[in-house]
Each structure stands twice: as C-alpha cells, then as structure tokens.
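The following pair of complexes shares a single chain, chain A, combined with chain B in the former and chain C in the latter.
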Partner chain A sequence: MLVVFALFIISKAGGLIYNREFHTGLSKLSSNDYLMLAGSFHGMHAITKQLCPAPPTPNVQPASAAGLAPSPFSSRPTGIEVLESSHFRAQCFQTLTGTKFLLFTEPQQPNIDSIMRKIYDLYADFVMKNPFYTVEMPIRCEKFDRGLDGFVKVRS
Partner chain B sequence: MTTPTQSSSSGGGAPGLRYPSNKKTIYDRNLNRSKNAELSRAAFAYLFVEMISYAQKNVRNLVDLEKRLNEQGHPLGLRLLDLLLSRTSNPLSSIRPTRILPLLQFIAQTLWRHLFGRPADALERSESDAGQYMLYDNEPLVNQYISLPREMSQLNCAAFVAGIVEGVCDGAGFATESVTAHSVGEQQAEGGGTGGGGGMWPGKTVFLIQFKPEVLEREEILGRGGG
Partner chain C sequence: MVLYSFYIFDRHTECIYSRRWTPRPTSSSGKTARPQSGSSITSGDGTVTNRRNMSHADDEKLIFGLVFSLRNMVQKLGGEDDTFLSYRTGEYKLHYYETPTRMKFVMLTDTKQNNLRPYLHQIWANLYVEYVVKNPLAPVEHPGGVGVANEMFERGLDTFITAVLPA
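And now, the complex of A and B:
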C-alpha cells in the first residue's frame, strides 16, 4: 500500500516548477499559496544547510586521492531531509544540480527512498530528455505526468 | 614560437578532415566492426535533443522544422542502404532492391532492425492512391522521451526517421515525392480504430511514402516483363 499525497519539484532558484496531488480530500490551496510554500521551504532548506555546527573537513589523504578530482558534493551538508508531523511526512531529495523533490506521504510510509529514486528516474527520462523542456521552467510534460500516474496509482 | 607549431600539428594538414595520431581514419576501419554494436539509448536521446534544438533555430513554422529534421536523416539513409546491403550474408540478396515491394520489405525489416532492434509493425498500401505506402511504427524510439507542448501537437519528431527512409528510397533509385511522419494515435481512437491501436499505442506513427509517377511507370513495365 502506497499513500502519496503530493509531489513538489522546486527549481534551483526556489521556484515551484511542478506540483501534483495524488490523493483526494486534501485541503485546497491557491496557486499563490503553493508558490509561497515552495519558496519558504527553499529558504528553510538553505538555512538548515548553514546550521551544521562544524562543517566536516575533507579528510583526504593526498597520496590516495592524488589521482581523483576533488568531489564538490560529498562533504557538503545537505540541509533538511525529512519533516515529520502527526499527519504527514515530507521527504526532500536534492539532486546534484540543486533541484529539490519534495514528497508528501503518510507518516508510516516505508521505503520512501525507493519511491523518490523512481520519481527521479522518471524526471531524468521524461523531463530532462525532452527537447521541448527548458531547464528551470515549469514542467509540462505529458509523459512525465503519465509515468507518475502509472507508478503512484498502480501501487496505491 | 610554440603556438604556431602546435596549431599546425593539431590542424593535421588538410582542413576539414582530421587524422587521428595512428593515421587510421574511420575509412580504414572494417565495415563490419560495429555490426553488432549497441548504442546507449540515453546518449542518443540527448543527441536527439540537441539535433532538435539545432533544427529549431530560426525556424518559421512546424512544416519547416519537420523539413529540417527530414534533411538531417536523408544522408543517413543514403549511406545505410549501401552499408546494410554490403553486410548481408547472402551474396545474392546484396543486390539492391529493384522493385517497390522488396524495397519496402528491406526498409521495414533490415533497416528497422538495424536502427531500432525490431522490425516495423505494419506495412500497407494506400487504397486510394497506388503510389502511396504506409509504414507503421507503434512506438518510435526517437519519440520515446518526447512530450510535445500543446501549441506543437501537430509535430512529429519521427520526421527524422522519415528522412532516413527517404534517403534509402532515393539511394535505391526510387524517387519519392515525400516521406512524412504523422501521429495516428488520436485519429484511430475517434474513428473506431482500424488497427485498434489508438488507446494502446498513444505514440503510434505512420510514415507515408509517396513515390513519383515515373517510379510507378517503371514498376508496371517491370511487372509486365517479369510476369
């Protein structure tokens, strides 16, 4: 059983570029509210990123790491990942390029990681490989919608 | 003084054609080397994205865009005809097709298998026009990741594949008026469906191949001679 309430995709700049509800009976928000919600989360995410008291120092041994290029991603603190309340759980996944996927589910929902992974797959296939999609712009891709429907509805 | 020597060596003499360091160009390779090679689908998808963006530059309308995609495919078709014929194991069948039906079979079977790893889904002759043939693909590989925006719903990016087909026909000496790609998904759903594919194959595409009258004339003469 899979209960996914909604999916937001937030661009690198903090704009809401995709929002989709999978569950009926959620309280309605105006489109302005959605944008504000996405913007607030983006800001909160940026703040939590700075909260890490002592940024982990990259402890690389020069001998072993000489041949490897330094990874800009591994040592960076990630910011907020999960937000849980009595009624929902918001899981955030940030891609290496800074796009954020925000997934709202039931609090007891297991293996959200694999759901997120699958959504990321769909995004990589049907959004990023679509010649008519401009990066950072709102996502209007029929096949992406259909893929999400197929994945979320089949399993719920 | 180092700069001029560097630039002359990297230029490799004649402009346009660059020689690798071992002096082996693509023309020195065995033609069968890449016979069973497979290409990453994602790599092709990204390349195709760039090809479409390139074709979209300064384009006036959708017809123009499809024409440009068609032109990108045409030289591929010309070369693939020779390549695939030279690769056939049976020397008798490496003669290029001289009649319409063998040519279309070659396209639907050999060419499709080479490009997409499976044969085309159907081949039909138009009832109203003797010079028109329809080649169906239920799920064109080139369109796999493409969602068209609403204002471009008339476009079908398989125009690129139509260009390849046109190149093969031209190369074999079968002049075509045009080869065009059209989506048939919705039409069939509305009309009750002759193939019943509308709902199951939303991306179903038909390639309309229109031969020139002189090709049909020759076909008729050949038919009389043979039968």
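And now, the complex of A and C:
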C-alpha cells in the first residue's frame, strides 16, 4: 500500500516548477502559498548544508594524486534528505544540477528511495527529453502527468 | 552514536543554553571518505571556508531560524496539530522538541539515531524544570542564558546523556 500525498519539483533557483497532489492528507493551500513554501524550503535546504557539524574535510589529496583534478562531488555536505513530522514525511532528492524533488508520504512509508528513483526516471524520460520543454520553467507535460498517475495510483 | 550539539532556545528567540561535543575522530574520517550523492554543483561553493568564518553564535541563530521556519512549514502543510519532529541530511540529524511554553530543545546527532524527542522531553521535565525553573535564585526569564547553565543542570545533563545515550 502506497500513500503519496504530493510531489513538488523545485528548480535550482528555488521556484516551484511542478506541484501535484495524489492523495488528500495535507492541507489545501493556495498556489501562492505553495510557491512560498517551495522558496522557503530552498533556503532552508541551503542552511542545513551550512550547519553540517562534522569537522570540515581535511585536504586529503596526497602529493601523488596532485595531478588529478579534485572531484567536485566528494566532501560537500548534502542538505535535508528526510523531514519527519507527526503527520507526514518529506523526502527530498536533489539532482546533480540542483533540481529538488520533494515527495510527501505517510510517516511509515517504506522504500521511498525506489519511488523517488522511479519519479526521477519519469522526469528524465518525459520532461527532459521533451523538445518543447524549456528548462527552469513550469512543467506542463501530459505524458509526465500520466506516467506519475500510472505509477503512483496503480500502486496505491 | 555521535552527539554533536545541544541547544535550548527561549520564547524570545534567544539561545539560552548550548553545548557542543567534539565527534569521535573515527566516525568523522569514515564520513569524509564517503562520496556524497545528491549534492549540487550549482550551490554550496566554498561552504568549508564559510564555516570557518562563522562563530558559534551565528550557528545558534541559523538553527533557530531554521527550526522556526520548518515548524511553520510543517504546520502549514499538515495542519495546526502537526508537529515537526526531526530532519536528516547526509551528515547529521536534527531532533526537535517544543514545550507548550514555546521553548525549543534541539539536538544534533549522527544520522543513525532514532527520534530523540522523548529524551528531549525528559531533559526538559527532569533537568530544566527541576534545576532551572525551580531554582529560587534563577530569574524568570534568562536573557543571555543567565541561570540556566548552573552546576546541577550541567551535571544532570552529563549524567543523563551518558546514561541514556551510550557512546
């Protein structure tokens, strides 16, 4: 049994580019409120990166590896991945280009990672490969909508 | 388990108590060696240098603002009776407890820790109320943390943490 309340997609600039509700459970908000929530979540995500209490990464590049370019992916803190409240659980997945997928589910929902993966697949297939889609703009792709419906509703 | 820090904020947004523990070196070296997925190229440049310039007071303000906004976001989405419990990133987990008088208890631990809200509640009920609120010499409010970090409270916190959160 899969209960997914809603999916937000937030662009790398903090704008809400996709917003879909699958299951009632979260409060109904106006579209302005959703935009505000997406923007503030973007900011909070950046702050959680700053707050990383683990000691800053020492420069572990040994002299022999000096010729290699340092990887841009290691040693950078991730922001919020999971947020828990008493009524829901929000899973955030950030792509390498900075787009954030925010998925709201029931608190005890198992294997959200695979759901997120599947949604990212759908996004890559039907949004990014759509020649009429402009990046960073609101997503209006019927096939993406239908793909999400097929995936989320069939499993619930 | 690794405990990073603990904060108490009063209802006037002020941090009245904070405590930090240095993490054990074994866990931190393992953490930094692990490649992290999901981090972005576009943002976070120079976070390490920024961190060095930030004081502990800045950290406290950031944490307060963050839990305040997260709490508001949770209440907006989940309804008035919804409460924010915790969040987790790739590196740490933040646990949150708010008393009916709007005092906020925040604890930062490693990511494997289960929800510590019951423990934060106990710290409030058994330590803060006992040693700070019931102290006849302590002021009603605690501007700048006056009266919170007394000997009994500090010792009680140490004992509590070693007893219920074994390292």
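Methods note: the second predicted complex is superposed on the first by the 139 of 156 C-alpha atoms of A that agree within 3 Å, B and C clash if a C-alpha of one lies under 4 Å from a C-alpha of the other, contacts with A are read in each partner's own complex, and residues count from 1 in each chain.
Following the convention adopted for this analysis, a contact is a pair of C-beta atoms (placed from the backbone, for glycine too) under 8 Å apart; a residue touches a chain by one contact, two chains touch by 3 or more.
Given the structure is predicted, the values throughout are model-derived calculations rather than measurements.
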### Query
Is the arrangement of chain B and chain C around the shared chain A a clash or a fit after superposition?
fit
### Message
Output check: A:R140 vs chain B and chain C. Expected answer is one of first, second, both, neither. What do you get?
### Response
first
### Task
Considering only the touch criterion stated at the top, classify A:V154 as touching first (chain B), second (chain C), both, or neither.
neither
## Note on the structure
Max touched-residue count on chain A (chain B vs chain C) belongs to chain C
### Task
Could you tell me the angle at the CA centre of chain A between the CA centres of chain B and chain C, given to the nearest 10 degrees?
170
### First (chain B), second (chain C), both or neither touched by A:S86
second
### Task
Using the touch definition from the top, say if A:F132 reaches chain B (first), chain C (second), both or neither.
first
## Note on the structure
Minimum Cα separation between chain B and chain C after superposition, in Å, equals 22
## Note on the structure
chain A contact set shared between chain B and chain C covers none
### Task
Would you pull the chain C residues touching chain A in the complex into a rising list?
4-5, 23, 28, 31-33, 35-44, 47-48, 50-52, 54, 59, 62-63, 65-66, 69-70, 73-74, 76-79, 81-92, 94, 108, 115
### Query
Where on chain A is chain B touching in the complex?
125-126, 129-133, 140-144
## Note on the structure
Touching chain C in the complex, chain A uses residues 12, 26-27, 29, 33, 37, 40-41, 43-44, 46-58, 60, 71-88, 93-98, 104
### Task
Write out the stretch or stretches of chain B touching chain A in their complex.
42, 45-46, 48-49, 52-53, 145-149, 152, 157
